[in-house]
Amino acid sequence: MQEAMIKRAKELLADGTVNRVIGWKKGEFFYDATPAVFRTAEELDRQFIFDDFTQANVSKYLVKESRKDGKILAFLKPCDTYSFNQLVKEHRIIRENVYVVGVPGGPKLDIEKIKAKGITGVLSVKNENYTLKIETLYGTEEMPFYEAISGKCESCKSKKHVAYDELIGEDGEVLESNRFDMVEKLENMTAEERFNFWQNELSKCIRCNACRNVCPACTCENCVFDNPKSGVDNKAPADSFEEKMFHIIRAFHVAGRCTDCGECSRVCPQNIPLHLLNRKFIKDINSLYGEYQAGADTTTKAPLNDYNTDDCEPSIVHERGVE
Amino acid sequence: MQVNENFEPVIVAFCCNWCSYAGADLSGTNRLNYPANVKIIRVPCSCRVNPMFILRAFQKGADGVIICGCHPGDCHYTSGNYFTRRRITLLYSMLDFLGIERNRTRLEWVSAAEGAKFADVMNQFTEDVRKLGKNRRLEDLRCRKQ
Amino acid sequence: MQRIGVFVCHCGTNIAATVDVKAVAEALSHEQGVVISQDYQYMCSESGQDLIKNAVKEHKLTGVVVCSCSPRMHENTFRKAAASAGLNPYLVEIANIREQCSWIHKDIASATDKAIILGKAAVAKVNLNTPLTAGESPVVKRALVIGGGIAGIQTALDIAEAGFDVDIVEKEPTIGGKMAQIDKTFPTLDCAACILTPKMVEAAQNEHITIHSFSEVSAVKGFVGNFTVTIKKKARFVDETKCTGCGLCTEKCPMKKVPNEFNMGLDNRTAVYIPFAQAVPKVATIDPNYCLMLKNGKCGVCSKVCSVGAIDYKQTDKFIEQKYGAIVVATGFNPIKLDKYDEFAYSYCPDVVTSLELERLMNAAGPNGGTLLRPSDKTHPHTIVFVQCVGSRCDDSKGKQYCSKICCMYTAKHAMLIREKYPDTEVYVFYIDVRTPGKNFDEFYRRAVEQYNVHYIKGMVGKVSPKADGKIDVQASDLLSNEQLHINADMVVLATAIEPDKSARPLATMLTTQMDTNDFFTEAHPKLRPVESATAGIFLSGACQGPKDIPETVAQASAAAAKAIGLLCKNSITCNPCVAHSNELMCNGCSACEKVCPYGAITYQDKEFRMPDRTTAIRRVASVNPAVCQGCGACTVACPSGAMDLNGFSNSQIMAEVDAICK
Amino acid sequence: MLKISADKLNSLFDAISAKQTLYITVDNEKGSAEYKKYESGMTLSKSLNTVRSAKDFFFPQTENLADFKVEGKNIEVIDVREESEDFVVFGVRACDARSFTILDKVFLSEPVDSYYKNRREHSTIITMACTKPAETCFCTAFGMDPTVPEGDVAVFSDGENYFFLERTEKGKKFIASISDMLEDGDTAKLNEVQEKARNIMKKLPLANLSTKSFGGERLMKHFNSEKWAELSESCLGCGTCTFVCPTCQCYDIRDFNTGHGIKRFRCWDSCMYSDFTKMAHGNSRNSQLERFRQRFMHKLVYFPANNNGEFGCVGCGRCLSKCPVSMNIVKVMKALEDKE
Amino acid sequence: MNKNQKEWIDITSGVNVCKCMRCGKCSATCPSYDEMEYHPHQFVYMVEKGNIEPLLNSDSLYKCLTCFACVERCPRGVEPAKVVEAVRLTAIRKQGNNHLIPDQIPEMLDDDLPQQAIVTAFRKYTK
């Protein structure tokens, strides 16, 4: 797959439809590829990589890149295309400055899952019919492929490219995913248990803003948390309230716009399940206002920017579920 | 958890200028009593209430926040309260998801003619919040008054 | 540094009774930025306002807080006072310590604490106020009157008199409303048609007035001075321009079994009809539910006989869009349904009629040509019983709580007319109280009792039961002689309660005006602004605002017209300065605000910006048209980065109020 | 050297925590380690290092500096400092231990930071030698021998028991206080374990990372290098690297209005943030390239220039694994090396 | 004006007698109006004035058929039948004031009087 992408990229560079390519660049090890912009075929050959570990969502970079001159080629996985569409709908990406090539998503692996199993000093990983052979400094280890799948791919919601000018490999379709199971489990807990669960999780937050800066829905020019005049600019996790305020407001700002791409939970250094907050909003919107997938197209109004006269009343929150 | 009897909850009410604020005035002209814990902030429309204000109130020590607006269909700005209804339903559902007690937050449609309803809602809401006791789950420890 | 003046009002004893105003003034004097804090007996009085003016000049104040009654009452008074002293009117904040504090708490300590907190919140807000100047927006010199009864006609005539164009939208085929159905009017007994039809003709001929009969308002957009209204002209299958009103088609139409609404269903009319002789516009209308041609395609007699070819079976509803500066609501009233009052046997005895049906029975153009006959067997009635307050003053779910105001007078009128025309007929009126306030009203009622000896019996009718021989047994109690009467009556007339027209509720939603629980339009202020609605630019004329008789309706119609003229004669009106504004540096151009704006006040343009990293870039930013924006604030919450803020109720101001309250 | 058998370690912990508060490294349910206040029954963490470094004990993420009581117009200042109680931190790795010496250079040099000093004096650091370094470790590049860590007391494990070696005066006193539970033991097996660890160090992928092309004197060359554009293009400016880094010492001072007074607190700040060192005219480094360059120049050039060659990085490898886009100091060093 | 007797009647009847607007509709629909000395609207008016003595020893207490026509038709929601019942209970509850004594019954019987009427009357008129 990587070779096909490099070949196609070189063709498009050569015939001038694009003057640069955004993809992933090899890192020090086999798993730390960095999103990068390539301008020459030589750079592509030397550094371009696309394998089981390149899972970063590059659509957020296109906000800045699409404003530069010249057209850019972007390799987008199915979940990235939803974010891309959402950003196009909000006029953050100038659609005609981007040439989108859809690449197959496929379950990506997460090195953190391997390390969490206590395997350290990892040198290389090979996948032999769904069991991973891991070379480490301390001998070789084995691990079933499915246990190393990244969190966001485990609950993958769709393999369908919703925005592309061209496709490499065939297009998948929307999947029936169990992404709301954990949300339901939490909903069935009592209020006391839920509060303790979140108190324990959110108190670990070190306010590093990685979740906000990686989120393709969080592209404000001047975020409300950086602007002292907004009244909610808090930088210090003085006690549990600051994080709750930050995460509730952030979840609310992306409510109805979050495409559930899972990047926020992937990048959190403290492994807080932040995607559960966004999924709670998605589950509520689906159950109260009708199925809605952000980024499925670039026209329908986001649920919070729309209404219909017979919406349910907020007291529904009091009547349902466990007290 | 036991609730001491002389606990006086702090309740912030956001009332929309055209309906519920007029309803509050009407309950005043009819001398319908409701507890003094409720303090009203006037906003042009219930759709002006930003979730940040609600969280700010809880942060600074409020024990209950209630939002009052015009009945859907009566809004002076035609669609203001429809947006409020969606935003507040999602926000309250999220607060419930985080384990905050449900009776600390409420939304009530009160028209300018429903002075009695306004007083009843405020009495009942203050009682609900008094039963729950001081807001411990969503307060900022630094703002806690000794 | 802010220099704020705090003024705490006693409001006589309204506030001072349960709030220690001295303590409030003293407590607020320590607040940040407060330089002067004093209390006074009546802040809204002339001397009270002078207090503010002098303080502004003397202490060079940059903000004023008045702790008094509701801002809905005297915000403008205090703003004007501050403005006349040179302070920007929008640097004045009101703390409502009367309706929302002193009047509703008995315990002085807690009421005073609350007043202090509300004062602190107002001071915190005024610290962050910015001076605002009201913008201007153009006024369309055209008025719309919804409803063509006497109220609508009178208002339209007065507005036209002032030289402005007026459109009347009437849902019936003709204007005239309920008054056209009335026989004589009290207290002068002159015939309703004689005083109404000249006005209808005048309205038709006035070149400033256009009448949209058989039409309804289907959508209203915009705001004061700039309403865009969509009028649905219902299909009447007759070309208004061609029809001369000769009535030939109504004679020849084979379908004669249609219940005639104009005569309250007491007689029938043809499928193609003209409601009554003096109808304006005098144009036929075809009733699609009964016309054989429209229902099953067979007939077409009317198009054959019509000499000018005005009949057009293919006509469909037409929609016109029109811009207006002011809208006057004159939707009028209807008698309530009596199906829940089976004790009066209205639904199963034809001789039990409502007063409006009696009007038709006695009217010359009525079903029996003016002679009063019993609807069942067309014989002359010898005893008629009138029952007052049917459905009015009822505290149960069946009827209305309010008194319908006009029944006592029109029942006295009916009784007097019957006694005068048919001296042999006995007339009994069962009443709870006779309410005849107003000029010459009581004298009129006493004449009915003394000269025409109508029997007024204090006591309510309990049961009306028609007997086999056609007579009706009325069982009532006579409270003064403390006995139960059984009267053998030929006819029973029920003085039915009146309620607003059914079209009022959807119309209120379109106009975003307020309504009370009985569906009457709520006036801006019951005593001081009875003919305006709380929504600027929308006025109330006639019974849509509450039960009232013709003299009052005409008075209020002219008042509404005066108010509308007051608005239309301005070239532009100062509009609400508390509108949204976008901070272009922080705007993402994501058009979330544009989607939630009910008035479409937000547009986007590409502007060049110097970015933080010293490059220049073209960015799509929002800009709010202050003339169109009404300041609802929906956009400020839809905007994630807080770029969109609202003058007068900005994010920081509301947060400051929240902080002051939770302190 | 004094030792204690592995199974009696918990009773040692109980003894220590009886006298003063003890923090040890514990594995949490997410598979990563963190420092926790010791309660009996906790087991020492098996993983290599914690996510949040030990600097949090001396330079906490948020710390109240002073309170102001506001009554209407008069303000009263309240000093909130109180003497820190003694505490012991067990399980610090060599890299984190070296980070304390770096932080000491910053906070304990004139003008001395009293908050930091107060905590530093009341602490006793017990470090543990590394036996299974991860591929992201490169502490050897900064002249550190992880098998013999610094700190007050160094602890070595040879599988069955733990050997204690005092490294400073404070460490000596500490060992004396628990000497009744320790007994002497030969270190033959220990030296063998250390030898095995050392040659693994040599085999680490980043073992031969050299720092000779960095330091104070190459400031202009690195500052004007045109590689920064390519290196910084993927950086999101989030601040994870600075908050997990044991040697980052920048902080911001802010006031918080609690409604009945003002709390002045200091909190970690990240040079990657857009409002870092934001002044009246704005932020002097207003593009992500300048902020990115500032972070690594500070670690590799500015800090050594001010501290006679001592680098600002201790090679713990946290920023390598925690950066959302996997851009880190190793890639920067490799990109900026003088290629002879 | 017997204060506590009026309050007791207000409580047992659960009726707020001040709501009556003196329209007389209850008496108008009362089927046994003629037999009663005091009519339903008078019950309400006299209880409101507290003038209860004449009601207690008048026979009209036992003429009320409890058909509840007055309750159904009262426009103000005052329930006259309950007021009558409350006054009747006040009367019966006095010592030895049972309106119906068992040995009176035989001569009251006539064959078309339904047996059920006797049972309900006995329950209504005795303590």
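Just so it is clear, A, B, C, D and E label the chains in written order, and each chain counts residues from 1 on its own.
In the analysis below, a contact is a pair of C-beta atoms (placed from the backbone, for glycine too) under 8 Å apart; a residue touches a chain by one contact, two chains touch by 3 or more.
None of these values were measured; they are calculated from a predicted model.
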Just how many steps, at minimum, does a route from chain B to chain C need if it may pass only between touching chains? 1
Strictly by the touch rule at the top, which chains does chain A share as contacts with chain E? C
Farthest chain from chain A, comparing Cα centres? E
Outermost chain relative to chain D, judged by CA means, is E
Count the touching C-beta pairs: is C-D or B-D ahead? C-D
Per-chain Cα centre nearest the global Cα centre, belonging to chain: B
Report the inter-chain centroid distance for chain B and chain D in whole angstrom, where each centroid is the mean of the CA atoms. 47
Measuring centre to centre with CA averages, how many angstrom lie between chain A and chain B? 36
Could you give the separation in Å between the centres of chain A and chain D, each centre being the mean of its C-alpha atoms? 30
Quick one: chain A and chain C, Cα centre-to-centre, how many Å? 54
By the touch rule stated above, which residues of chain A touch at least two different other chains? 224, 230-231, 238, 304
Give the residues of chain D that touch two or more other chains, as numbers and ranges in rising order. 256, 259-260, 274
Residues of chain E that touch two or more other chains: which are they? none
Chains touch in the following pairs A-B, A-C, A-D, B-C, B-D, C-D, C-E
Under the stated contact criterion, what part of chain B meets chain A in this complex? 51-52, 55-56, 59, 72-73, 79, 82-83, 85-103, 106-107, 137-142
Which residues of chain D touch chain C in the complex? 71-73, 257, 259-260, 274, 282-283, 286-288
Okay, in this complex, where on chain C does chain E touch? 343, 389, 393-396, 399, 432, 458-463, 475-479, 482, 484
Would you tell me which residues of chain C are touching chain B in their complex? 70-72, 96, 98-101, 103-107, 110-111, 113-114, 117-118, 121, 508-509, 512, 514-517, 522, 534-535, 578, 596, 598-599, 630-634, 636-638, 646, 649, 651, 654-655, 657-659, 661-663
Complex contact set, residues of chain B against chain D: 60-61, 140, 142-143, 145
